[in-house]
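Okay, structure first, notes after.
Read from first to last, the chains carry the letters A, B, C and D; within each, the first residue is number 1.
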Amino acid sequence: MYSTERVRYLARNLARGTAADRDRRREWDEPLFKALTVPDTFGGELTAVQTCGLLAALAEGSHDPGLALAVTTSAVLTKHPLRTFGTPAQRERYLQDESLGGLSLQQTRGMAATVSVRADDAGWRLSGALDLVALGPKARYFLVLGEHDDGSRTAFVLDADTPGLRLEEIEPAALRTCPWGRVTLVDCQVSSDAVLGTVGGAAGEVEPLLTALDWVFTSAPWLGVLRALAEEALETVRTREVFGAPLAHSQAARFALADIAIQNELAAGLLDHAAAQFDGAALPSHQDAASARLFFGSAVRAVIDSAAQLAGPGGSELLERAHRDSLFFTSSGGGAEVLRPVIAGALLGLGGLK
Amino acid sequence: MYSTERVRYLARNLARGTAADRDRRREWDEPLFKALTVPDTFGGELTAVQTCGLLAALAEGSHDPGLALAVTTSAVLTKHPLRTFGTPAQRERYLQDESLGGLSLQQTRGMAATVSVRADDAGWRLSGALDLVALGPKARYFLVLGEHDDGSRTAFVLDADTPGLRLEEIEPAALRTCPWGRVTLVDCQVSSDAVLGTVGGAAGEVEPLLTALDWVFTSAPWLGVLRALAEEALETVRTREVFGAPLAHSQAARFALADIAIQNELAAGLLDHAAAQFDGAALPSHQDAASARLFFGSAVRAVIDSAAQLAGPGGSELLERAHRDSLFFTSSGGGAEVLRPVIAGALLGLGGLK
Amino acid sequence: MTTTFAGIASRATQTDATASVPVENWQELKESGYFGLFHPEHLGGSGADAATQVQAMEALGRACSGTYWTATVSALLCGNLIATYGDERHHHLVRALATGEKLAAFAIVETAAGSDASTYQTLVRRTGGGYTITGEKSRITNAPRADIAVTLARRERAAGDDGPEWCLAFVELDQPGVRRYEIPHMGLRAMPWGGIVYTDAHVDEANVIPVPFTELAEGMTWGWLLVSIAAVATAESALAASVRHASERVSFGRPLAHMEGVHAQLADSRAQIDAARVLALRAATERVAGNSAKDLIGMLKVYATEMAVEVTQRAVQIHGAFGVTEGHEVERHYRDAQMNVVGAFATNRLREQLAENLGLGPAVYRPFDWLTPSAAPESPPKATITTTPSWWIPYAGY
Amino acid sequence: MTTTFAGIASRATQTDATASVPVENWQELKESGYFGLFHPEHLGGSGADAATQVQAMEALGRACSGTYWTATVSALLCGNLIATYGDERHHHLVRALATGEKLAAFAIVETAAGSDASTYQTLVRRTGGGYTITGEKSRITNAPRADIAVTLARRERAAGDDGPEWCLAFVELDQPGVRRYEIPHMGLRAMPWGGIVYTDAHVDEANVIPVPFTELAEGMTWGWLLVSIAAVATAESALAASVRHASERVSFGRPLAHMEGVHAQLADSRAQIDAARVLALRAATERVAGNSAKDLIGMLKVYATEMAVEVTQRAVQIHGAFGVTEGHEVERHYRDAQMNVVGAFATNRLREQLAENLGLGPAVYRPFDWLTPSAAPESPPKATITTTPSWWIPYAGY
C-alpha cells in the first residue's frame, strides 16, 4: 500500500542525495523512476486527492521536481486520458505494462495546434511538430492532438515506432532530470484504432481533461517543493546569524517564515479542493482548476523569493534548482497569460467557460 | 575619452556573444576585462555619476553582470578607498599600474568581522578568514578589515604574497564570470605601512565609504541588466504569439512592459541621485545609498519576474543568468536585512545613523 | 440556512451612511436563526455544522459587513466565551445571545499607551454583595449598544488567594456605574465601536470567572475566525461588483470584460478568495469539531484580511471614479476591508505568534544598534525574552 | 518659498471633517504666493523654477491634500491650459488664477456610460452675441465652487468650417444657464467635486478656442504631475506619522522603533517615496523647461499614486486601530491616497499609453473567445485597432 510517508521516506533516501548531480548531468535514472513512481490508477486504487498527496511527497522527499514531473506525466497525464477515453483495445495495449507515455506540455496548455490531420483511405495522416514532449525519449507511445481542416480536433495515441514519427532529444534549461523530446510527424499514417475518443471531438473530451489534469497534477509536486523550501528556510533561520545575532531573533525573518507557512497551507488546501473534484462525478470546473494553478504559480514565486532572501548569498542547492525550474512552471503556456483569461472568462460568462 | 555609448558598443560586440559560454565554464577572460574596464579615477577624470553610467553600459552591452562586478570591484571598490585614505606610498604602490585589488563582499556589507588584529613589535598580526573575495584569484593586493581586542577595527591593504596569506579559489553559484576566492590569514605579519586610514578608525573611515560604494556602485551594473531585460522583453512581446494572437495585443503584456519601463526609469533616477552625492563634498548619507540599493533589489526582482512571465517557458539565456545572479545581488549581506534597519534607523534617529 | 439576507443587503448603503444598524436588520437576523447557528440546542441554538456556519457568516458579511460584525461578535465570539468559561449559571446569558435577545461586547483593550495587557488597569474588587469593577475599555465593538460586556480585568486578590491574576467579568451595562462613548471609524461604520468606563460598577458574584491568562487565547480565536470570514465576504462582494461593472462598461468600444488587464485583476482576486475560503472552511471545521486550530485560524486571519484589502483595491481601480464616490458599494468595501486587518489581532502580531509556533521560540527584543554589529560569539546580544505570551497582543479590540 | 503652510496643516483634520476648504486657507495661500509660482511675472506670477514649484506643491500637499488639489488644479492645470491655448485676451484670466482671485475647474468627463470622449455631448453653438454651451460635466474638481470652467466641448460647425471638432470653452460659472451639484467622495473630502449642468449658458466669443483633440494631451500632463506630487506628499506624511508613532509606542516593553518588522515597513516606504520624488523632480524640470516629458510624467503618475496607497496602508498597519479612527491623520491619508490613483487618468490607462509609446502600436481589441484559440496564421484574429488616441481615456475628472 502506498502511503505519503513511505513515498517521502523513499524519495528522501533514494533520490535526494543524487538530485543535484543528476540535474547537472541531465541524468535519467530509470530504476529510480520505477522505484518512486506512483500507481496510475486514480479513480481506482487511489483517489485523485491521494495521488496528489503522493506526488507532493515524492517531490518533497526527493528535492527533484523534474523526476516528479516525469512521474506525473507517466502516471497521470498520459494514462488517465487513456483510462477515461480509451477503447478496451487501447487500454489493453497501453495500460497493462510499465511502458511510458509521452506528451507535449504545449498541448495541455492552450497552445495553438501544431499538428494537422487529414483523412486517407487507411485512416488518418498526421503532420506537424510537437515541442516540450515530457518523457519523449523514453516513451513507447505519445498522446497527440491534431487539427482538421475545419478547425475541429482529434486526439490520437501513437506508437513511438510509427513510420514518419521522429523523436529528437532536447535539453531545456529547466526540469533537467525529466527526459524531454521534440516529436516531428511527417505524413505519418495511422489507422482509426489510434483515435482516442471521438473523431473531431477532442475539444470536448481529451483536451479539457488534459488541461485540468495538467493544472492540478503538475502543481502537486510543487507543493512538495514548497514544503521542502519551508523546511530549509526554517533551518536557515534557526542557524544563520546576521549582525552577530541569530536570524531567528529578527522580526522580519520571523514574518517571512510565517508567510511561507501560510502560503503552503493555502496551496495545500486549494490543491486538495481541486483534486477532490476528480473524485466526483463530473470533470472539475476549469475555473477551479485554473484558480488553483494560478495560486500555485504565485505561491511558488513568493516562497522562493522569500526563502532566497532568508538564505542569503550562499543560497542552497534546492533553492537554485527550484528557482530555475519554477520559471518553467509559472511561465509556461499554462502560466498566468492562459489562466487569467480562463478564470475571468468563467466569471464574466464569456467563451462558454464555466 | 570614455562614453557610455562606446562602452555599451564595445561590450556588446566583444563580450555578449561569449557571455553564456564564459559563464558556463567559469572563464576569466583577462584581455576582455582589460578592454572593458573603466577608469578608476572618479572624482578626477570621471564623476561618480559618469562612472555609474559606464558600469551600467558595460553590463547592458555585455549581458554579463559577473564581468561588470569584476570591473566594479577593481575600478571602484578597491581603488577608491585607496585613493581616499591611502598614504602617498600606498597610492604610488597600488594605483599606478594595472594590478587588481580583491575585496571580500562580506566586509562591505555589515557582516561581523572575521579577522582579528593584534599588535606586535614589527606592526600587526592578522588572523582569520574572508569569504566571497571578488577578484580573489587575480588580485595583487587585498583590502582587509580587522578587529582589535577592544572591538575597534582597522583597515589594511595586504599584498597577495604576504606570508601567512593563503588564497583559495571558490566557485559560488552566481556571477561566475567574476573570479572568486577565500582568503585565510594565519598569523599574518604586516608592517604599519599596510594600515589604511587610522588605526582603530575603520568604523568611521573606510567602512562607511566601502558600504556606500558597494550599495551604489554594485547597483550600477544591474541598471544595465534591467535595461537589457527590458529590451529583450519588448522584443518578446513584439514577436511572441499566444492563442494565435500577437502578445503585443494583450493588455496584460502591455501593462507588464509599461511597469518594467517604469521600474527602470525610477532605478536610473535613484542611482544618479545617490551617485551624485559622491561628487559632492561629503560622504553620501547612508540613508540615501541604502534606499537606492533597497529599491534596486526590489526592481531587479520585479523586472526579472515580469520578464520571465512574458518570455514563457523558453525563457532566455540572459534571463536565466540574471535570475540566478540576482539572488546573490538581492540576498547578500547587503540585502534587505541590512538595508532596512539602516534606513529605518536613520529615520528613527537610532544607532547614530543619518 | 440559505438566506442571502436580502433585506439587510438592500439597506447596506443606508446602514453605512447612518452609521447605525437599523432595527429591521435585527428583526431579520432573529427570524433567520443566525444567532443560534453557533450554539447547541440546549443553549437555545440550532447547533449548525461548520459548513453551514461559514456559509451563513459569509452571506451576512456580504449583505452588510457592519451588521455582520455586530451580530457575530455577540453571538459567536461572546457566546462561545461565556459558554466556554461560564457554567450552568450562565446558560441564560448564552441563550439570550443565541436568540438575539441580547447584544454582547468583548471588552479587552484599554486606552493606555501600551497595547499589551501588562498595562491594563481595569480591576475587579470584592464588595459586600458581589463585586465591583473599575476601569476603562476602549475601541470595543458593540460597546456603545451592548447589553452585556465580557470584560477582561485584573482581580484584587485577598491574602491566600492563589487563583489567576486575571478574570473574565460578565458585566451588565445598563447600570449607573457604566458610562459609554462612541468612536467614529473609517469602515464598518454601522458597527457600534467605542469605550466603556466602569466606575465601581456592579458584577454578580457568579459573573466573575478567574481565568489563567494563557487560556484565553483559545477562546479568542473565534474572533479571528469571524474577522477572516468578514474579509472573505467583503472581497467576494468587491469581486462580484467588479464582474458586474466589467460586464456593463464599455470604454472606446472595448468592453472592460474583454480586456486582459481586467481579466488579470479579476482572476487574481478569484484565486486569492478561493484560497482563503478553502482555508476558512478547513479551519472552521476543525474548530467546530472541538480542536484548537489556533495556528490555522491565525494563518487565515493574516491572509484573508490582507487579501481583501488587495481585492477591494483592485475593485476601486476597475470602477475608477465610481469606486470612490460615497454611496457606491465598492467605496464601502474598500473602507471596510482595512478594518479587518487591524481589528482583533493585527496581522503582524499573528505572524509573530505563527513564527513562535514554528519552533523559533518567543520573540526576542534587542535594542537596535547598527554601529556595533560585530558582537563576538562569546558575547551574545543582550536579548530580552519577553515574558508575556506573544499571542497576547490585541492591537485593536473586537 | 519655504513655507510649510502651518496654518493650513493645523486645520487639516477639521477641513476634512467639514468637507470644505475654510476661507483662512485661501488667505494663507494668497499671502504665500503659491498660486503665482506656476506663471511668469507678466502673467501675475513669480515664475518659480521647477525645484521650487515641486517643493511648494509637496509642502502644500503635506499640509492638506484637499486644499492642495483645489488650489493646484486651478492655478497650475487650468492656469497653464488657459495660458497655452488662449492668447492676450485671456491674460486677465491667467492673472486671476495666478493671484488666487479666481478659482477654476477643468471640465472634461461627462455622465455618459462611456468614459471616452466619443460619447461626450456637451456642445458649443454660435448665437448672436457669442456662443452658448449646453451639456453636463460630472466628477469635476472645483465644479461646485469655481468661478470659471475650462470646458471641453464639441463645436457646432457651420458649413465650410474645417476647424477642429473640439474646443476649450472658458465658461464663467456665475450665470443663469449654469447649475452645479456636489458629489460626496471617499477621500480629499475638502476638495469640491461634482457636476456642472450648462443650459444654453453664455460664452464670450473670445473664450471658445478650437483645439485639435490630440493636442490637449500635452496640456493635461500638468494634471498628472499635480496628482503625482499629491501622492508623494500624502505618502511622506503617512511615513512621517508612522515614524512618530513608532518612536513613541511601546508594545510589551519592545518599542515599535526597535522591531525589524516595523523597520521593514518604514524602509520600504522610504525607498519608494525617494524613487518617486526623484522622478517627480526630473519630470517637472523637463516640463518647466518647455519639453513634453509626457512619458516621464505618465510613468510618475502610475508609480507615485499606487506607491502612496501602499505606503498609507503600511501606515495604517503600524498605527493599528488608531489608523482607522476618524480624525487621525493616517485615516485621512489612507482615503486620500486612493483618490490619486483613480483621479485624472486612471493608472491602467496610462500603462496602455506607455506601452503604445514603447513601440507596441495602439491598443487592439479582440473579443475574448477562449474556446477557439487555434486561429491559423493565415486567418489573423479579427482585431480592431481603436481609432481614438489611446491617451484620451480620462477615467475620473480633475
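By our rule, contacts are C-beta pairs under 8 Å (C-beta built on N, C-alpha and C of every residue); 3 or more make two chains touch, one makes a residue touch a chain.
Note that the structure is a prediction, hence the values are computed from the model and not measured.
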item	value
Far-end chain from chain C, centres as C-alpha averages	B
Between A-D and A-C, the pair with more C-beta contacts	A-C
Whole-Å gap between the CA centroids of chain B and chain D	40
Rounded Å distance between chain A and chain D, as computed from the means of their C-alpha atoms	48
Interchain centroid distance [CA atoms averaged], chain C/chain D, Å	37
In chain D, residues with contacts to at least two other chains	257-258, 260-264, 348, 351-352, 363, 366, 368, 370, 373-376
Residues of chain B whose C-beta touches two or more other chains	110, 112, 243-244, 250-255, 336-337, 340-342, 345, 348, 350
Interfacial residue positions of chain C with respect to chain A in the complex	239, 243, 246-247, 257-258, 260, 262-264, 266-268, 270-272, 274-276, 278-279, 282, 296, 299, 302-303, 348, 350-352, 354-356, 358-361, 363-364, 366, 370, 373-377, 380-381, 383
Residues of chain D touching chain C in the complex	109, 113-116, 118, 139, 183-187, 248-254, 257-258, 261, 263, 309, 313, 316-317, 319-321, 323-327, 331, 334-335, 338-339, 341-343, 346-348, 351-352, 363, 365-368, 384, 386, 388, 390, 393, 395-397
Residue ranges of chain B touching chain A (in the complex, touch as defined)	105, 110-112, 132, 172-174, 241-244, 247, 250, 252-253, 301, 305, 308-315, 319-320, 323-324, 327-328, 330-333, 335-338, 340
Complex interface listing, chain D residues touching chain A	259-264, 368-376
Contact set on chain B toward chain D in their complex	234, 237-238, 243-245, 248-249, 251, 254-255, 257-259, 261-262, 265-267, 269-270, 272-273, 287-288, 290-292, 294-295, 298, 336-337, 339-345, 347-350
